[in-house]
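Below, chain A partners chain B and then partners chain C, in two separate complexes.
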Partner chain A sequence: MSLADYRYRDLIHRCFRCGYCKFPTSYLDVNNCPAYARYRLESYSTGGRLWLIRAWLNDEMEWTDHLAEIVFSCATCKNCTEQCPLPFSQDIVNMIVAARCEMVERGLMPAAVQQFLENVQRHGNPYGAPRSKRAEWFQGTDVEQYDGQEYLYYVGCVGSYDTRARETARTLAHVLKRGGVSFGVLGDRESCDGNDVAKLGEEGLFESLAEENIEQFKELGVTKVVTLSPHAYNAMRNDYPSLNGTFEVFHYTQLLNELIKKGTLDLSRGFDARVTYHDPCFLGRWNGEYEAPRAALRAVPGIELVEMERSRADTLCCGGGGGNFYTDFLGGSEDSPARIRIRQARDSGAQVVAVACPNCMTMLEDAAKAERLDESLSIRDVSEIVASALE
Partner chain B sequence: MDSVLTSLKAIVGDTFASNEPEELYVYSRDLGTTEPYSPQYVVAPRTTEEVQDIVRLANREKIPLVPLGGGLTLAGLVMPLKGGIIVDMKRMDSVIEVNERARYAVIEAGVSQGKLVAYLHKHHPTLVHSEPGAPAQATVGGNIAIHGQGDLAQPYGFNSDMVNGLEVVLPTGEVCRVGSCSVSPHWFTMHPLPDLGLFLGWCGTTGIITRVSLKLYPAKRIRDSGQFVLEDANLVPDILYRISHTEMAGDLIAVNQELPVPVQGLHIISIFIAGDSEEEVEFKRRLIRLGILQEYIRRGDGGLIGLSAAVRPRLPRRPPISTIQDIKKGGGFEYVGAILPVDTYPECCRRGADISSRHNIAYTLLARVIGSSHAMMFSWSYVFNRADPETVRHAREALFESDELAIELGGIPWKPGVYGQKLILERMEPNTLRLMQQIKALLDPNGIMNPGNWEVSECPSQTTGTET
Partner chain C sequence: MNVVVAIKKVVDTSEAADVVEVDAAGKDISKAGLVSRLNDWDGYALEEGLRWREKLGGTATALTVGPRDWDDVLRTALAMGADAAVRVDEDAASMDCRSVARILATAIGKLPHDLVLFGAQSEDFGSAQLGPMVAQMLGLPHATLVVGLDVNDDRVHVSREIEGGARELYTLTLPALLTIQTGLNRPRYVSFSRIKRAREKEIGVTTLHELGLSSADLVPSVTLERLELTPAGRRAMLISGNPEEAAGALATLLKESGVI
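Now for the complex of A and B:
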């Protein structure tokens, strides 16, 4: 590998390793970078990672499994982008993803990443589950296949296969129905949106997935997409247009908020609880949508919405971004970001953590169990809270 | 597995000890111009007991230990010059006690400056500590080990003057407390032996600081600042002396820099004041503006921006963010700081600009007044492009020349790198050097603590006729 071939060769040496990337805006603690929080060694900080990437590209370092683990442990949460004071801050995550691309291109990646990508390549999902099972989540419901309805409801891999996320997917479908939204799903014709494939550095596979999705959407006459996952929302909103796939893309919380504002959903049953909202990175920091989920929650009678000390652009990532919900480089410790985050939620005094991402749901539920907080703190999707409030 | 690594992992847990090439690479490199030196191990302890175990292990194995805080000294002070174990202290980051009435905080040494600022702001908004203006992850323990300077320097001095007590793991593994905490449960003063002088400034060569009691100061409700701008460097010492005489300023900083072009050749004296009421702030403003600066303004020596109720800058509560290192789009910056008499300011500026010019680096010169103009911390800064070895070489040479200049002008390089340390030791009065050698030999019999720094054992041992 040569530095000369690297996309950010003129940029990567400019990281000073000042360490702002580890903090939230308040500076309350040094652990707002999920990988650094987990390992607390400089090699796992954003600055350390960039210096290692440059060393590898410069042939100062051999590739090792450990180097790859460090490079792939970044959750692509963009806390570094928010905090870095230098003019290249918007490219920090891109620099890491570009290094992953170089590794993937050479087949130099951790086994878990390889498994993830192979599964997506072969089966259209990271779990390696058959495509035929992709439609199981809505069996027995009145959800219809997409056939020209106003919205394509894109459920994504986690919503289609993960047991807990399937519940959320069904609940959201129910809420959309109650809101009178005209929508359909792709069922077993749906394929991976590719967001995490791209963040793991497999550009070719991402393009092929995106192009396949775009082609199918166009064939079906899709103009509006509502996604369950912020990851799919991010890919379709920001990356598909450059591949000639321009659709009106909504995260479901945006649609719910509109329905609530129009008075289409009758929430008079309410939801009596103190609720805190955890911002998913691909909705918040990646797309600047902090308000729609909060507005939806505030509209539910009985909810006392409390903020965690770190919220919005200062949210600590659950550690599930950038493929880590599957590869799990950040799990297995009381310093795992999801466990730190769930303790932050506890400290807010909330009884319920509202999430708007199936990855966050899984990460935080597991963390609540590990912290023995699962009886005092429940994790609920925003759509589930809205569904509970429906009269 | 390597037996030392096995032992380190047994002490701190698997995650926090490593001898993998990736950790060794990252910890072998300073952010400044120092050449890389590789450690053999990296370890991140969480408790004083873990630090003790690491120190005992290092003594058994005769392996060097290099304590590291934020790793931001720039001068290579936490580089493993002779290999060994880097002890990353940043996991020891608990705030243990804040005594509001006695105005002190007891903290673990790895607490970052950013965290302490945020903690006090949240829990004790009437108190502040002296924040050094370094990036937020600089640690308090690391800062005071190199003396440190920052906010509140004009009234109160260096950060190491603000220490009420220390807990230190000695090079042989015992825990030692210095200050009132060695006698009493209260960490409120460095007495009974404030001149013990064994740890502050020694850069970890005499022990690993694990806890610190730091003096806190009143957080004033209103902050204001003004800039007095002039061309004649020769007037600056007089102005600083006279402003410090009023005892109205919180900080006094003079800057002379080549970029941006509009400020080239100008000396900008920033005057920071604070108060709890508009009346108090206005009183201070008037005393400085009318009592001191008006005379210079009338003579046409300079002009004042701010220090007026009509022009109130928004001063951030949190540490300032410096982006100087990116001026050359090269990610590199290092400076020599030196403690000097304020009278040497014009010479420091003139000679500093010459050094910068020789090395084709835009000059950036700064003087922070320490105490009542008792001294200044003068810094010569040099940016470089990390990807261009020639600019790194120039910056390194400029730094060496600045060390030499500081010594020539009768100053003391502050947090000096190895080159500056050598210059100091070469000129040190022989009995003082001998005392340092005896202290070092007594405390660190195996010579394991941050070797290569303050390397008094390599200096010729001698006494003078003044010995009795």
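Now for the complex of A and C:
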């Protein structure tokens, strides 16, 4: 492998490191790239990373553990894509992912990335937990296995295994039931959607996961999928069609918003709080959905919706994207993006941070504890807020 | 330099301790819902063998004794870079170590071998006997629990881990057999596309008959009576209160129990 064989060989040299990739739109600060915010080194910004990748592919520098850590610390949040002024802006995250593909193919990656991918290969989830435990989240509830219902409710790895995210998965199921939605789940037949596997550069494994999911969905006659996680939503909406898997895919906030608009959910109990909404990257920047979750929150009586200084396309990522919720290259510091984000939420004057992604939930909840803000600032999923308002 | 690495397939129970049950026959765990994979120690042995083959040339062969569904661990070895894979088609689950050692020793005897590597033990039964037994049967010098090695002409210098973190350093003449401890390298990641390509490679299958062995050679001297699970502990304790109170309570508890 050399630069000549690299998928973006005609593009990567065109980044001249103007540095816009790490700013928010206002250019008032320089820390809207989560990895750059954490390390404050040019090499951790997208431009710096692209230069390092080019040097590595050109044999101008050796592969080292540190180089790999820099390449895998990108949360694939697409802030850089929003800010890059050059015509190839849509490809800059892909250039990093393509470099990861090269490292993965050669077995050159940080141990945490290897563990993530080996766990998904063996167990269908990054935690290495047995498949049989994938169905535990809905034990004792009236959630049904998928059997031809209108929607497949795809929960994903974090919602199925993480203790806190399981609560969200159950709450959303409850809200969907109350909204009269006909849905079923796959339980222990569900497998990883592969979004973060793809972003970590394991293309072959992603295709295998996607093809198995598509085959299963088709066998079961699934036409509509509603996902708990924006990560699954992204993979199924944008990547599955090219693998012959075209389904109507919804993020749950879109479905909730429709139910609220139709008046199917009676929210008259309300939710009295000042709430700020944190945009998940794979719903916002990756898929342009900024409005549905906000509309759902605005429809809840009693909510005063306030915006953080950075929101929508300007959102600071929680640092959990691209597998980082597991590999944790951005944790362990007061400059960890999740902690900066929690301080931004505090500064908005909100009492509640509304999230719409189980990864953001776990990242921000941990950050609130680390910042000792967990008593004044609670992290609630949009579905949990809606559930609290149900009469 | 020709390397042979003996490998085994085991059930992965690392994150499943709370769902493990003994099966109806009482001599194995119930494998339903659990996945199987390459024995952890064997991954390190393979990686080490491949590194020396890559450095010094020759061949690296992965060898196992098992039924057909063990081919996948041999394919993992091929995907990692092994030149050949051989499976002795025999379900060794009910055999004792000496019988398996007899089969492996016979198979290794027919393969070119300067360096024979085993994982120090298996994750399932963990007897750690197989490597030394095979060495004895083949008349090879051996070292167990190897945490570092350096091949130099017709010798291998090894570092062994012993109690208290101490090391023993030995020099063995080749051919030699080593059992490999975890941690001496980092087994390479095997990408899905490599595994796919390895599916097209051939696995050499041989039988006891072809190896010149009969059941008379494999009379067990040790038989497993039954398995029992360790009773669940009843001493878990949850400490409540704010961080300061909880830390204080924990410190008191650790002092009282003599830990600190």
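Operating definition for what follows: the second predicted complex is superposed on the first by the 391 of 391 C-alpha atoms of A that agree within 3 Å, B and C clash if a C-alpha of one lies under 4 Å from a C-alpha of the other, contacts with A are read in each partner's own complex, and residues count from 1 in each chain.
Here, a contact is a pair of C-beta atoms (placed from the backbone, for glycine too) under 8 Å apart; a residue touches a chain by one contact, two chains touch by 3 or more.
Since the model is a prediction, treat every value here as computed from it, not as a measurement.
J.: Look at A:301 in the shared chain and tell me whether it touches chain B only, chain C only, both, or neither; answer first, second, both or neither.
T.: neither
J.: Quick check on the superposed pair: does A:48 touch chain B, chain C, both, or neither? Answer first, second, both or neither.
T.: The first partner, chain B, only.
J.: Give one of first, second, both or neither to describe whether A:241 is in contact with chain B, with chain C, with both, or with none.
T.: A:241 contacts neither chain B nor chain C.
J.: Could you tell me if A:118 is touching chain B, chain C, both of them or neither one (first, second, both, neither)?
T.: After superposing on A, A:118 lies in contact with chain C but is clear of chain B.
J.: Output check: A:64 vs chain B and chain C. Expected answer is one of first, second, both, neither. What do you get?
T.: first
J.: Looking at the overlay, does A:107 come into contact with chain B only (first), chain C only (second), both, or neither?
T.: So A:107 only meets chain C here.
J.: In this superposed model, does chain C or chain B come into contact with more residues of chain A?
T.: B
J.: Would you check which partner chain A:28 touches, where first means chain B only, second means chain C only, and both and neither mean what they say?
T.: first
J.: Where on chain A do chain B and chain C both make contact?
T.: After superposing on chain A, no chain A residue contacts both chain B and chain C.
J.: Using the touch definition up top, name the residues of chain B that touch chain A in the complex.
T.: Residues of chain B touching chain A: 15-16, 18, 20-23, 25-27, 29, 31, 42, 44, 70-72, 88, 90-91, 93, 112, 114-115, 117-119, 122, 135-137, 318-319, 321, 323, 325-326, 329-333, 385-387.
J.: Could you please specify the touching residues of chain A with respect to chain B in the complex?
T.: Residues 13-20, 22-23, 26-30, 38-43, 48, 51-52, 55, 60-62, 64, 66-67, 70, 85-87, 333, 335 of chain A touch chain B in their complex.
J.: Mind listing the chain C positions that touch chain A in their complex?
T.: Touching chain A from chain C are residues 12, 14-16, 19, 33-35, 37, 186, 188-196.
J.: Would you tell me which residues of chain A are touching chain C in their complex?
T.: 104-105, 107, 109, 111, 114, 117-118, 121-123, 127-133, 188, 202-205, 207-208
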